[in-house]
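One chain, chain A, appears in both complexes that follow, with chain B as partner in the first and chain C in the second.
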Partner chain A sequence: MPERPPRSIKILATLPLNILLNGVLIVPFAIMIYLAFVKWSPLMGINWWEAPFIAISNFQRALSDSRFISALSRTALFVSVVVPLEFILGLVVAYILQSEFIGKKYLVALLIYPLMLPPVVVATVFYLFFQPYGPVNNIFLYYIMGKRALDIYWFLDPTLALVTIIIADVWQWTPFMFLILYSGLSAVPKRLVEAAEVLGASKWRIFWTIRLPLIKPLILIALVLRSLEALKVFDYVYVMTGGGPGTATESISLYIYRLAILYQDISYAAAVSIIVLLIIMIISRVAIYFFIEKR
Partner chain B sequence: MSPEPEKKKETFDPERRKFLVTIGSTVIALGIGYALGYLTKPAEVIEKYTTVTETVTKTVTAPITPTPTPTIPGLSNVAARAVLGAKELVEKGIVPKGATLRILHVAGSKAQLEKAIELWNKYVPEIKVELVTMGTEPDVYTKAMSEAVTKTGAYDIITIFSTWLGDLVEAGLAKDITEYFTKYDPEYVGPCAPIEPLGSYTTLYKGRRYALTLDSDVFTLTYRKDLLNDPRYKEEFRASYGYELKVPDTWEQVIDIAEFFTEKRLTSPRGGRVWGAYFYAEPAFAAYISWTNIFLEAGGILFDLNTMDPKVDSPEGRYAFDILLKLKPYMPPEAISAAWADLYDKYIHGESVLTAAWPSLTKMAISSPDSVVKEVTGTALMPGVELEIGGVKTLIRASPNPVNWVGIVSNYGKYPEASYLFLQFMTAPDTGLEVILAGVILDLFRECWFTDPEYKAKSIEGYGREFVEAYLESIKISYPDFIIRGGPEYASKLTTAVNAVLAGTLDPETALSNVASDWDSITKKYGVDAQLEAWRALAQLFPEDIKKAWRAKGYMR
Partner chain C sequence: MKLSILPKIIIACVIVVFILWTLTPVLWMISLSFKPYGEWRTPHLLPQKPTIDNYRMLFTPQALQIFIAYTAIIEPVTGPLTRSLIVSITATIIAVIIGFFTAYGASRYNTPGPFVLFFTLLTRMLPPATFLTPIMVYFTTLGLFDNIAGLILLYSATTITYAIWIMKGFIDAIPVEWEEAALMEGAKPLEVLFKVVLPIARPGLVVSGLFIFLMAWTELLFALVLTNVNAVTLPVQISKYVTAVGALWGTQAAIALLGSIIPVIIGYMIQRHLVTGFTFGLVRA
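The block that comes next holds the complex of A and B.
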């Protein structure tokens, strides 16, 4: 049996990576935590390490900031709509594609194509789609509603504007769900399915009692990953509605961006980011505990 | 497992461990030392900066005679002073031969800055100039603020929105150029000076000079001449409204004209509806422009000149919303939801009758191959508000000047004086006009470009005669953006509220109350006294008509 290298060698070998990771991740993160407890903006004309300490004032401010609370609630609503939608659509498509047919390989490749596009491109395309004279009104809805379709102004109404963002997100990210679920369903042992079929089980029963339970861990991973990603929604909101009308579609990421970049309110943005991070951590931990560890 | 390796380990491990620990400790110590060195470095910079500030203060209190200017064939005195000044810096060894100045700027102004560099290279080949191009305006702001924090000296000159000037001065990035300004005299007084008040309010902050203006962004009323002059429409309009159809003088008249043409349900050549009006109400950044225009013309003042309390939640604020809400049915819904460029698209395709925007709208309307309004675009002063001042009805007119590019010299650049001289060169009467006519982002700002026959002919070639004549008057009644610290934030909060009111998601009273509260928080964040000092200095630079209204209402002494 070969000799195990001593611990010191291991440490030295990983030192460059540790320095890099600490420099890139830990140090900025530590600075962000520090900034959340001081009052600092570059516009104050002082260095960040000279900023006055204000304890938890930034956090208190966030709790009474109605725009922050609205943005957070809106983002939660967004996640709770898009993630189940994408999951159901992804699952249905993945199930349908379990059967063999000519051109299936190409269809699968085509289905995952939206994933390869930058979200900002998708957002721009959907922004154009939903213009009053864009294809959504002028082609799809025109057949249902006639000329009245041309009077629908998607980005003027807070609900409709949010719907457009949801549609764009679902279009781009359903393939992500599909990809994970498709690979999961494909890996289900055929003999189990065939045995059930021989015993006379219906397709629905096979799906519900055999296929689905077997891919449960994958489903949970897909849901958690997608939820975390959806919580960070920015591109679609920024490009399609700018958070408007007013702040009616502003997501938490867009709000933090505005605080930090447009308003240069860096220390408050740091505090808000930490609150969001804590919320995400707690939700993820609870989800992992209930859906993975507890079972 | 054989005992031999165990023995080997016992023999060699302690020494190797000691060696590794020593090496590791050295690396960590070096890292900590470097970090400490880096952290302490900026403190030295601050010390140096303080010394420079003191020197400048002493210099400007004494009268300084502008440097005598030997002529350079083919160059104006302003440009010649810049060229000779730069050559002298090289001769004295203050700037090494072959040194490079770096300009941070937005992509849209590339053609114009390249022209400036081309001209500069002809006369000052000893100092090179390089462009660092950013995609969009917010990118420039972000980079500039990063530079203010990191102090790398990566840029010598930065072209910025005048709206950001307060932020960049307070963040320590914009250098006080009063000394250079006095020494090299870019001619901010005289027949060829930048038109006032624009020349002052875009370059001064708390009474000191921090920028040279590169641009003017004054709004004019742009209208369809063919429709407003059509005898048939004139007759119908008189019958309906009881007065002549003409270019509107007031916002009330704008509403009538907008209603008249919207109700006509005309169709544009590409099949879209022709709307009576299109004024900015969009959510990203421009909605504040329309509201502030009406608010100021109605005699409103943004902040109290004694306390810095926001004064937007006032009768003038409600009046501005009243006008915009009355106009809303006659504007395309995209005015509230689309990006700012949609106004340009609709106008050049003949889908709005009255509109207001930057000078580039006229440039586009008369020169774009897509334009269907090339021959029928008219330009006039912005509509005003009639006020009773001293018992006399007075029409107060003012023009917004949103953003307005200016050039600043970085406090952390290696060659600040040479950087200033480049800015002076590229904004001189002769070279400046060439630069402006080379692109679309930077626009006319010197008076002689409108009055001197030779310059005026060139200006007309680029903008059209009617625009040039109306634009000069518009600049004279132009007012500044929020050129105080936090300017972009003040403007953004107002834009969000105006957009929400016009979209119907907020009522005007709540919106005004929210804006007042938000503005108050911003002011308090930076300190009432500091903000008040900047606001008082800026308020003095507003056009006379607005100050007259403020005095009449008791807002200003």
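The block that comes next holds the complex of A and C.
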């Protein structure tokens, strides 16, 4: 193949993409930076390009906004709970399913359907699941606690409401971890494991010193992608609790949504978005340094 | 792996628990969607008097008017359903076509360069909520608010990452020699692209297309922000039934199930490629 692309190919390979990305994403990005430094809301009755410049007041306001800080830390807490949970659950099931039995192929197919569902559907399912007279209270807990179970209001208690969101996320995305780890573990050469067995290594030892190190790159990819995905959490919170009770389950995505839609505080929402973007970029940069470049 | 009897029992238990954990919520939803009003809050697992009223309510929602004041919500589900189909299919076609050209350039000639490719990944990895404010302002200024054209543009721009990266994997696997042979025979570069590469890369087109459809079909946040009445998509309609209508359990279950049929079918069609899709081709199953 020639080193330099022919003209026709070059145009096709770059122009449409550039038009789409510039037109739909880059221009809004520029608008966001502009908005963060002005004071504008649709309620002010002027066009956004005529808004008064207020320098960094939006950012100063964000740093002393306790609701913003707690939404941020709540999202961080959420990520640090769901990702390890999904990873461990997924790893256990993926490891167990390494043994051969009849119908395994169908079982694997059956177990992964949650990740095909729209998150809004999963949110609806668990919203109904945790209603006061829903099946969790009325069937599962009823057997354990009796009549008292009917008095548990999952969405009215700050901690329990967060738990329901965590359960929904773990339910939908454990199959993702499972699927990645399962395909990784299945690809570990059989003869390595057999050789270790012949040498008398225990199952536990084989798992820790042979299987796990071999799929380490895969584990890193899975953890990074899932963490970034979990940081976005919106659908479950919006549908199941609406951020409530009060603001006790508000995630950072929901807070930005509320600022922009409910409070129409557009320029402040833009400043908050930029801060969130910066934080995530710095964290991922540090993570990439520690996990990938340092070794 | 050979196992003695006790670990086998433990393993069987773990698998059974995991199967129950995975299946119960949706099985219960299916059961709920066929229960009449009086049975929603009872602990029966199966509907005692099965009915399809919940589904009928979705298509002719006059009965809902007693409960709610919003007119947007009681639109029959056929509207959002068709809109979701139009938006998802059109966005998929745009993303796949542009993604195919880009992936070919990226695979063979190092266009459009690592920075742009990285940028496409970035748009997919950062929280979409951070782009919500300017997108809303920009689209409203352009008159794309509450307009399915806006959603189509936005979805094709945000899902093109998958088209590029999945298809790049497929095109990388095609031997360059075939193209060189065609070039030697005197074929033009464009002919090589359309007559040699395109037919072989067709599975890649299909897989990335179905995956993008899945992503566009399930998107809620931007659909929520950019629509009001005329462009409401199915995820928005589902969320409205929960957040604005209130205690209509059976109907909520019915619309949620209705919205999952197509994605689950598509998900199983590309089951072998789901890992590849979700990891942008970084992991091959």
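The definition used in the following text is that the second predicted complex is superposed on the first by the 283 of 295 C-alpha atoms of A that agree within 3 Å, B and C clash if a C-alpha of one lies under 4 Å from a C-alpha of the other, contacts with A are read in each partner's own complex, and residues count from 1 in each chain.
Please note the rule applied: a residue touches a chain if its C-beta (ideal position, glycine included) is under 8 Å from a C-beta of that chain, and two chains touch if they have at least 3 such contacts.
Since the model is a prediction, treat every value here as computed from it, not as a measurement.
A.B. asks: Of the partners chain B and chain C, which touch A:Tyr263 in the superposed model: first, second, both, neither?
C.D. replies: The answer is first: A:Tyr263 touches chain B but not chain C.
A.B. asks: When the two structures are overlaid on chain A, which partner does A:Gly242 contact: first (chain B), second (chain C), both, or neither?
C.D. replies: both
A.B. asks: More residues of chain A are touched by which chain, chain B or chain C?
C.D. replies: When the residues of chain A touched by each partner are counted, C comes out ahead.
A.B. asks: Which partner chains sit in contact with A:Pro175 here, chain B, chain C, both or neither? Use first/second/both/neither.
C.D. replies: The second partner, chain C, only.
A.B. asks: Where does A:Leu277 make contact in the superposed view: on chain B (first), on chain C (second), on both, or on neither?
C.D. replies: second
A.B. asks: For A:Pro158, using the defined touch cut-off, is the partner it touches chain B, chain C, both, or neither? Pick first, second, both or neither.
C.D. replies: Touch partner of A:Pro158: chain B, not chain C.
A.B. asks: Could you tell me if A:Trp48 is touching chain B, chain C, both of them or neither one (first, second, both, neither)?
C.D. replies: In the superposition, A:Trp48 touches chain B and chain C alike.
A.B. asks: Name the contact category of A:Leu115: first (chain B only), second (chain C only), both, or neither.
C.D. replies: In the superposition, A:Leu115 contacts chain C only.
A.B. asks: Taking the stated contact definition, name every residue in chain A that is touched by chain B in one complex and by chain C in the other, in rising order.
C.D. replies: In chain A, positions 1, 3, 6, 8-9, 12, 48, 131, 133, 242, 261 sit in both the chain B and chain C interfaces.
A.B. asks: Mind listing the chain C positions that touch chain A in their complex?
C.D. replies: Answer in residue numbers: 1, 3, 11, 14-15, 18-19, 21-23, 25-26, 28-29, 32, 40-43, 45, 94, 97-98, 101-102, 104-106, 108-109, 111-112, 116, 119-120, 123, 125-138, 141, 153-154, 156-158, 160, 164, 176, 179-180, 188-190, 193, 214, 217-218, 220-221, 224-225, 235, 238-239, 241-243, 249, 252-253, 255-257, 259-260, 263-264, 266-268, 271, 274-275, 278-279, 282-283, 285.
A.B. asks: Can you check the complex and tell me which residues of chain B touch chain A?
C.D. replies: Per the touch definition, chain B meets chain A at residues 1, 5, 9, 13, 16-17, 20-21, 23-24, 27, 31, 39, 42-43, 46, 138, 141-142, 145, 148-149, 167, 170-172, 272, 282-284, 333-334, 336-339, 485-486, 488-489, 492, 496-497, 499-500, 502-506, 525-526.
A.B. asks: Can you list the residues on chain A that touch chain C in the complex?
C.D. replies: Touch list, chain A to chain C: 1, 3-6, 8-10, 12-14, 16-18, 20-21, 23-25, 27-29, 31-32, 35, 48, 89, 92-93, 96-100, 107, 109-121, 123-129, 131, 133, 135, 138-139, 142, 171, 175-176, 179-180, 183-184, 203, 218, 221-222, 225, 228, 231-232, 234-235, 238-239, 242, 252-254, 256-257, 259-261, 266, 269-270, 273-274, 276-277, 280-281, 284.
A.B. asks: Considering only the defined contacts, which chain A positions touch chain B in the complex?
C.D. replies: So the residues of chain A touching chain B come out as 1, 3, 6, 8-9, 11-12, 15, 19, 41-45, 47-49, 131-133, 153, 155-156, 158, 161, 241-248, 258, 261-265.
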